[in-house]
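Can you keep this structure in mind? I'll have questions shortly.
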Amino acid sequence: MDWGTILNNTLAGLLTPTTIAFALAALGLAMHFGFAGLLNFGIAGFMAIGAYGYAISVLTFGFPWWGGMIVGIIGSILFAILLGVPTLRLRGDYLAIVTIAAAEIVRLLFLTTAFTDVTGSADGLFGYNSAGGFTSANPFPPGTYGFGPWTYNSETLWVLVFGLALLAVCVWFLWALMRSPWGRVIKGIREDEEAVKALGKNVFAYKLQALIIGGIFGGMGGIVYAAFANVSPGVYVTSITFFIWTSLLLGGAATVFGPVIGAAIFWVLQAFLSNILPELALAGILPVSGTQAATLRFVLVGIGLMLLVIYRPQGIFGDKRELTFVK
Amino acid sequence: MNFLSVGISKRLLKLVIVVFTALIIGLGLLTSPAQADTVGDEFDYAVLGNVKIKGDPIGGVRILVEGPSYKAETVTADDGSWLIGVPTKDTYSVTLDQETLPAGIAVLEGGASQDVELGLSDRVVKNFFIGQGERNEVSFVDQFIARLIYGINFGLMLGLASVGLSLVFGTTGLSNFAHGEMVTVGAVAALILGVVLEVPIWVAIPGAVLISAGFGWSMDAGLWKPLRKKGLGIVQLMIVSIGLSLTLRYIIQFFIGGGTQQLPGFDSPKINLFGSVALSLNDLYSMGISIVAIVGFALWLIKTNTGKATRAISDNPDLAAASGIDVDKVVRLVWILSAALAGLSGVLWAYFRPGIKWDMGTQILLLIFAAVTLGGLGTAFGALVGALIVGILVETSSLFIPSDLKYVGALVVLIGVLLFRPQGLMGRKQRVG
Amino acid sequence: MLVIDHVKKSFGGLTAVDVEHLEIPKNAITALIGPNGAGKTTLFNLLTGFDTPDTGAWDFLGTSLSGVPSYKVAQLGQVRTFQLTKALSLLTVLDNMKLGAKNQVGESIFRALFPGSWRKQDAEIGVKALELLKRFKLDSKQADFAASLSGGQRKLLEMARALMTDPVLVMLDEPMAGVNPALTQSLLGHVLDLKKDGMTVLFVEHDMHMVRHIADWVVVMAEGKVVAEGPPESVMNEQAVIDAYLGAHQDTDLGVVTGRISIIDEEKNK
């Protein structure tokens, strides 16, 4: 049992571009569900649109990298409006079903061979970072940076710093909004729409604004992930939505830092489990094969989510009094 | 059951044909195709090829070659080969007459008429990607009827799975996202009984249904009832069901791995019934079993006291409880039956796909939700009607939109129903917003 | 102030409301009474935009309100409270109050990001909120979550919050429902104060005798129709009302029995 490597890989999971992508998506979900009470189970769809918007603009239309990213964000906004206008008056669990279905439709549209020229269908898209100039915009000269488990080459560092900058802006944005009168209205809507309507507020507009902002964060999550890895429909399945929900609930649904911390803890745990479980299997401590050990990781995520919702729905930082979905 | 989708056979064929083309180019240029049905021997140049499907040659297929001031045709020999000599090095169009292909086989890619050019060599090979598919020559009505029947087959299977979800929602208010896993459990149970333990399939299937029923019982006894007693809200319960779905899915993957396994007798050949409708024995058994199970369940719902109690609770829980019905007992029974029917549909789904995979239930979960919502959340008969409509919609939509988008139609229906008529076709009108 | 014409609303086969003509007088306290199922709450919901009628039109200060959504109705100067109090328990008492204020710059999403643009207004709103809270004797609770208030305190909070919108017409849906006698006195006093401050009040109530003590105008509904309207004393003597509603208790003044009537008369005569 190589504890050194295990520890090293575990801690590395704290600060990777994937963690940051998740943190951004979880932040978006915090806006949707934590603060506005919208049961959005289609966050994967927003991520997919952000990522594909970026990649397709660069590869098919020749946009520069920052232009492609803006297109991805605009796509997220449009998706939020398309989704929100008809569905925001739906009851909670109905909205959940609609958003899952919408995200699946998005994924299937990206997967179909009918549009393969533009989307790459099942193979996905790659090479957009260099084509769009993101790679060449890297201010860090080639080399190795960091220390201990947090060592990166210059390309990864660039994505990391870029992602962190975006995350910082989004966190500030959310924090500033929620302590403003606008945030007050949103919190009121979360609890009781009718009361807020009776006070003269256009509840529908507020909900749509919340959906759009959360959608932008989700789209940015997709973009950061795309900048780091590749774009493929196999990533944006409903499982990733559920993992983001787990990260959000873990940190604390109705807080600003909760989703960020939750995403970090989620990935650290994932890194830990994906390292230790195969080792335990190899060492014969767990009577399972190596591949089976990897599957156990996800079983534990599922069990973890269940326990979390049953026994501590407010997560680590949340306040139970603030949660509306808890009876 | 051998209902391969066009997409899967396309990819498989690509591989096969690449290999074959390589062989043919290699071999065909070295040896003279002595057994080819040849025409135009007198010419110096030739266009040639082989007509095979999955390695099996097809004889009697008519091939035409047409060029500037030249036209000739031939028919493939028994080994599938053909050769047409051409007078000059030019571009010729090669046409495969699809009428002479067997029923259900068509040219899949590039069209029945394609161009070849004699460039550097004296001969050029033209092979067509062919496979199971619908030809344009088959009348639209014929195709539509075939799709309709496949849709009914799929819809019946979906119906078995949907009824349970609808009743669980009606009696407990829970949108159970782990329902797909109950379908998978049925298929896996049949796999263990029928393949691992080698129990005869006609015992294994009822055994699988019993195991599924037991699974449903344990879900309510071990998880859902305690949580209801604890007083969790419906949103919390829904998220718990999502966690449960993840857990069960990966536990199944833990045991059966990531690949696809088959139940015995899955490879049942298709029988041409009428028009372009071709069903296998498995399809027919499946439809029969579905109908029997559905009718049996319907009778239970209408005739027996517990069945009536179930409908009463599903329709109006407060009123039912006030009239003295033991709600807990009925809910437990609903979970058992829901799981049993889902398990049965899992076995049928395993024959339909064909194949058992760890996430097979999740694949159709949204379709089940679409069926239940369309029919009316909480109604049993509505769920059946909804499932039939979804099944037919999914199958017939592939006539109009690319087949890998066929689920999109059902998802659009799901969203549409929730927006415009959330009580579905047969449900009670409740406040949705 | 509020003019209602030919308003009809049916649920399934049942006609809940069928009002030919009704006018709510300005700067007066009007009571809408009737037995259960008379259609009072339905009419109330229709007037405040929380429900849509099948047919009919009604005007508020000359502006047509038909088809206007509830939040816009509130912006025009109407405010309503709810029978089941909707104090927002997840917000503090002060935040509840601040939520009520109209035309807040900080509520626009673009300006919310720049505290400089709304901080001053928010502080002013806070001052107004505290004054109202003092009037309703809730000022000591300003930083507590509304969840920690008692039922009666929440009713007061809801009324105070409604006043933050500077309404001209205050619609109270069964304000005395589930309220203990001591608090009833306080609430009645506040309702009278509203009239003193120049507002018009419309409230739905059950208890006829309580109504008699503060209402200037009474509208009686039964089976969806208006069966009588007028000043309390004359309405109570009308045969239709007695038949529909008062029945055997017509001569029994419950107010006298419980001893409340004297307190109310004092208030009214101040």
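Going in written order, the chains are labelled A, B and C, and every chain counts its residues from 1.
Here is the rule we go by: a contact is a pair of C-beta atoms (placed from the backbone, for glycine too) under 8 Å apart; a residue touches a chain by one contact, two chains touch by 3 or more.
Being a predicted model, the structure only gives us computed values, none of them experimental.
Q: Based on the touch definition given at the start, go ahead and assign the chain network to line, ring, star, complete or other.
A: line
Q: Out of A-B and A-C, which chain pair has the most contact pairs?
A: Comparing A-B with A-C, the pair joined by more C-beta contacts is A-B.
Q: What whole-number Å value describes the gap between the mean CA coordinates of chain B and chain C?
A: Their C-alpha centroids are separated by 59 Å.
Q: Counting in whole Å, what is the centre-to-centre distance of chain A and chain B, each centre being its mean C-alpha position?
A: The separation of the two C-alpha centroids amounts to 32 Å.
Q: Averaging only over C-alpha atoms, locate the centres of chain A and chain C and give their separation in whole Å.
A: 45
Q: Could you say which residues in chain B touch two or more other chains, in rising order?
A: none
Q: Could you list, by residue number, the parts of chain A that touch chain B in their complex?
A: Checking each residue of chain A against chain B gives 39, 86-87, 89-94, 96-98, 100-102, 104-105, 108-109, 111-114, 238-239, 242, 245-246, 249, 288, 291-292, 295-296, 298-299, 301-306, 308-310, 313, 325-327.
Q: Which positions of chain C touch chain A when the two form their complex?
A: It comes out as residues 48, 50, 69-72, 74-75, 79-82, 86-91, 95, 98-100, 102, 104-109, 112-113, 115, 118, 122, 145, 147, 161-162, 164-165.
Q: Under the touch definition given earlier, write down the residues of chain A that touch chain C in their complex.
A: These residues of chain A touch chain C: 173, 176-177, 180-185, 187-188, 190-192, 194-203, 209, 213, 321-322, 324.
Q: For a test of understanding, state which residues of chain B touch chain A in their complex under the given definition.
A: 7, 175, 227, 230-236, 238-240, 242-251, 253-254, 257-258, 362, 366, 369-370, 373, 401-402, 404-405, 407-408, 411-412, 414-415, 418-419, 422, 431-433
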